[in-house]
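Next up, some structures in C-alpha cells.
Okay, so chain A shows up in both of these, paired with chain B first and chain C after.
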Partner chain A sequence: MKEKTKYIIISIVSLISFILLWDLVSKSGIISAKKLPAPSKLFETFIYKLGNKNPDGNTLPIHIWTSLKEALIGFFFGIVIGVPLGISMAWFKKFDKFFSPLFDLIKPIPPVGWVPIMITFFGIGIMSKVSVIFIASFIPAVINSYSGIKQTREVHKWVSQTFGASNRQVLFTIAIPSAGPMIFTGARVALNGSWVSLVAAELIASTKGLGYMIQTARLVGRIDVVFVGVLVIGVFGAAMMEGLSFLERKLVKGGRRS
Partner chain B sequence: MINKTFTKDMRETWMYGILGFLVFLLVWQAACVFTNFGKIFPTPKVSLAAFLQAFVEPIGRHTLLGHISISLRRVLIGYTLSSITGIIIGLLMGYSKLAHAIIYPIFCIIRPIPGIAWIPLAILWIGIGEPTIHFIIFMGGFSQMVMNTMDGAQHVDTELVGVAKVLGAKENQIFRKIVLPSSIPYIFTGLQTSLSTSWMAVLAAEMITAREGAGWLIIAGMQTGRIENNVIGMIAIGLVGLILATLLRNAERRLCRWTVRSR
Partner chain C sequence: MDSTKQVKKEKPIITMERISKTFQVEDGEVKVIDQIDLDIRENEFLVLFGAGQCGKTTLLKMLAGLETISGGSIKIDEKELKGFNPKVGMVYQTTALFPWLTVMGNVEFGPKARGIGKTERQKKAQYYIDLVGLTGFEKHFPSMLSGGMQQRVGIARAYCNDPEIILMDEPFGHLDAQTRYMMEEEVEKIWQEEKRTIIFVTNNIEEALYLADRIVILTECPARVLTEYKIDIPRPRSLVSEEFLSLREEISSLVDLREGGNDAE
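What follows is the complex of A and B.
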C-alpha cells in the first residue's frame, strides 16, 4: 500500500513538473510562444473560446456539439446496421457467401479514403460526414459481431439442441449473448474510428466542428486555438470511450448473463 | 463422402461470391445509367479502363504506381520510427514501475488525440513537407504501439520471474529472457493495428498537405471533378491495405509460432 502511494506521488510530481517545464520553456522564449503557447495561455484561450466566435466563426461549444452530433449519428447507424449484418453473416451460410466477397472489397479501404467521394455525393454538409463515419463504424461492427458469433462454444449449442431448442432460440439465447463482449469490442473500435475519421473529414472540408476549428485556426496562425482544439478532441474522444465502457459493464457483465 | 460435401461447399462459396459481385456491378451500372448518379460517377467499365490506364499514364506528376510507392515510403519511415520508440517506451513503462509512474500521466495527455488531429499543429511546427507527413504518421501509430507493448510487459507470468530470481538471474537477464519474449505477441498486435492507422494517417496527411501520393490522388480527383481518379485511388488504397495486413499476419505466423492465436 505504501509502495502504491509513493508511485502516485511520483506521478503527480511528474505531471506538475511537466506542466511547469512547458510553462518555463514557453515563457522564457527557448521555444517561442508562437510555436508553443504556455499552458496558462491555453487555459485563457479555452475560456475565451467558450463564448467567443473569433477566429473561426463559431464558439467552442457549437464546434463540440457539431462534431459529437455527426460522430454519434454515424456511429449509431453503423452499429444498428453493422451488428445485425455481422450476426446474420455468421449464422446463415448463404448470407455469408453472398456478402463476404463484397465486404472484403471495402474492408481494407480506410474510412478517410471515402471522404472525397462522399463530399462529391453529398456536398460538405452533415450528410457527407455522417456517411464517412457510418463506414468507419460499420466495418468493425460487422467484423467483430461476425467473429463473436463464430466463436460460440459448440458444446453450448449442442446442449441447447439436445434440449430441443429451435435454431432461432439457439441464436438468440446462446450465440448472441455469448458474442456480447466481442460485439462491444467492435463498438469500441468503431467509436474510435468514427472520431478519427470525423476529425479528418472536418479538416478536409467543412464549415463547423472541431476539425474545422483547428484547420481554420492554423490558417490564421492562432496556434493557441489549435492547441485547445486538439486537446478538446482528445478529451472528448476519451470521454466517449469511457461512456461506452460504462455501457458495456452495465449490459454485458463479463459475458456471464444468459 | 466428406470430400464430396467439401467440394459442394466450395462450389457454393464461389457461386454465391460471384453472384454477390455481379449484383454489386449491376446495381452500380444501373445506378449510373438510370439515375443522376451517372452524371458524377463513372460506370464500372470506365472505372476499370481508367484503373488500367493509370498504370502507364501519369496522373499529376506520377503514374498510379508512383503515387502508391511515394505513400508507402512515407508510411515506412513514420511507421518504423513510431514502432521503435513505441516499443522502447512501452517496455520501459511495462517493466519498471518507476518509469510508469513518471511517464504514464504525461503520456495520457497525448494518448487519446488521434494522429490526424496533429496535422494542423505539425504544419505550424514543421511547415509543409516530408517531415510533417512523417510526424503525422508517427503520431498515428505511436500511442497504440506504446499501449500494446506496455500491456504485454505487464502481463508477464510472475511465477516465471520469481523462478528466475530464485535461480539468481540478474535484472537485465530477466528482462531479455522473460519479459521481452512474452511481450512479443502483444507487440505484434500493436504492429498490426498501428500499421493500419499509419496507412490511414498518410492518406489524411496527403489529402491536406501533399502534392503527390495516394491521398493526393483521391482528393485531386474530387477537386478537379475527375471522379474516376478518385475511384482508381480507392481501389489501389484498398489493395495496398489488404497486402500490408496480409504481410504482417504472415510475418507474425513465421516469427512467433509459439503464440499465434487462432483467427
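What follows is the complex of A and C.
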C-alpha cells in the first residue's frame, strides 16, 4: 500500500511539474502566448466553452457528447461483431477459409481511408463516423481474438476432453477463457484506434464533435480552444482506457498467463 | 502386504494386446511403440520406467483417448477402448491447470463438465482439496501457487472426476528434489487412502522403486517391454534399505540411464 501511494505521488508530481514548466514557458514569452496559451488561460477557456457556443456553434459538452457517442457506438459494434467473428474463424476451418480472403483485403486499409467512401454513402451525419470507427475497432478485435483462440494450449484441450467435455464445452470453457487476455488486448487496440480515427474523421467531415471544434477554432485563430479540445480528447481517451482495464480486471481472472 | 495378495486374484482392469504406435513423418514413418502386451490389475500401482523419451507418454495418451492406436487393442474392464473414457483420469507432465480458474474451479472442472450440480461437485472437490493438503487455498489462482502445490491441484482434479484409473505422466519431473520426495510420499498416501489403479511414468529409478507395486521397464525407441519387476518391499519404503539399493543397482545396470538432463520436453 505504501509503495502504491509513493507511485501515485510520483505521477502527480510529473503532471504538476509539466504544467508549471508550461506556464513558465508561456508567461516568460519563450514561446508566444498566441501559439502556446498559459494553463491558466486554458482553464478560463475551458470554463467559458462549457456554456458558450462560440466560435464553432456548439458548447463543449455537446462536442464531447457527440464524439463519445460516435466512438462508443462504433467501438461497441466493432467488438460485438469482431470478437465472435475472430473466435469463429479460429475455431471453424470453413469459417476461416470463407472470411480470411475478404478480411485480408480489408485489413491493410487505414480506417481514415474509408472516410470519403462513408461520406458518399452516409453524408456527414453520425453514420459516416460510426462506420469508420466500426472498421477501426472491428479489425483489431478480429485479429486478436483469432490469435487468442489459436494460442489455446493443447494440454488444456486434452484435460477437458479426457473429462468428457464436448467440442462446444471445449470452446466455451477452455478456448474462450484462455483467449480472454488477448481479446482484451484487441479491445484496447480497438478503443485506441477508434478514438484516433474519430478525431481524424471529424476533422474532415462533421458539424460537431471534438475534431470539428479543433478544426474550426484553428481556422478562426482561437488557439486556446484548440488546446482545450486536444486536452479533452486526451483526458477522455485515457478515461475510456481506464474503464476497459477495470472491466478486464473484473472479467479476466488469474493473471495474464501462468 | 495383505492388499498386494488380494489384488493378485482379481481380473485385470486393463488389458493391452500387441499395442503399436507409428507416427507418420515427412520421410516415412517412425515406430515409437512396438507390440506391448501388458495386463494391469485393479488398484495396482504400476510404474512404466524407461530412460528414453519415446513411447511412454504416447502409451498414456492412448489410454486416455488422446492418441489413436496404430495396432493391437486396449481393453478396459473387458471393453474395447475407443476414444475418451471417463474411467481414465490424467495428471500431466507440466502443470496443465487452467490459469483462469481458482483451485476450486480447477478441481471441480470434471464433475462440472459432466453436469453435476454445484453443491454436490463442490463438496466432492473440497474433499479432494483437503486430501491433497490444500485446505484454505480454494480461492487461489494457480499463478499464486508453487510448483508442488500446482501439481497437488492437478492430482486432486484427476481424482475428483471419479476415475478408476489414473495416469500420471512424469508429474514431478519439473520439481526440485525436496518437493519431489514430498510429493511422492503424498501420492503414496493418497493412493492408500483412495485406492485406484495408477499408471505412473517416470525416468527416475528411485521414484519408480519408492512407488511401484510393479515396475515395467521399457526399451528405448521403439518402446518394447524389456522386463518387469514385482516390488514387494513393505511400504512406506526406505530409500536406503539394502533391498531398495540392490534393486536400484540391478535395474540401473539394465537400462542405459542417460541421467536427468533430457527431462525437459
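Descriptive notes on the structure:
We take it that the second predicted complex is superposed on the first by the 231 of 258 C-alpha atoms of A that agree within 3 Å, B and C clash if a C-alpha of one lies under 4 Å from a C-alpha of the other, contacts with A are read in each partner's own complex, and residues count from 1 in each chain.
Here, contacts are C-beta pairs under 8 Å (C-beta built on N, C-alpha and C of every residue); 3 or more make two chains touch, one makes a residue touch a chain.
None of these values were measured; they are calculated from a predicted model.
Contact with chain B, but none with chain C, is seen for A:Pro111 once the two complexes are overlaid on the shared chain.
Once the two complexes are overlaid on the shared chain, A:Thr5 sits clear of chain B and of chain C alike. Using the contact criterion defined above for the overlaid structures, shared-chain residue A:Gln169 touches chain C, although it does not reach chain B.
More residues of chain A are in touch with B than with the other of chain B and chain C. In the superposition on chain A, A:Ser28 makes contact with neither chain B nor chain C.
Of the two partner chains, chain B is the only one that A:Ile119 touches; chain C does not reach it. Contacts from chain A toward chain C in the complex involve residues 153, 155-156, 158-165, 169, 173-174, 177-178, 180, 252-255, 257-258. Chain A makes touch with chain B in their complex at residues 7-8, 10-12, 14-15, 18, 35, 93-94, 97-102, 105-117, 119-121, 195-197, 199-200, 203-204, 211, 214-215, 217-218, 221, 223, 226-227, 229-231, 233-235, 237-238, 241.
Taken together, the chain C residues at the contact with chain A in this complex read 61, 64-66, 84, 86, 88-90, 92, 94-102, 109-110, 113-114, 141-143, 157, 161. Contact residues of chain B toward chain A in the complex are 12-13, 15-21, 24, 40-41, 97-98, 100-106, 109-121, 123-125, 196-197, 199-200, 203-204, 207-208, 215, 218-219, 221-222, 227, 230-231, 233-234, 237-242, 245.
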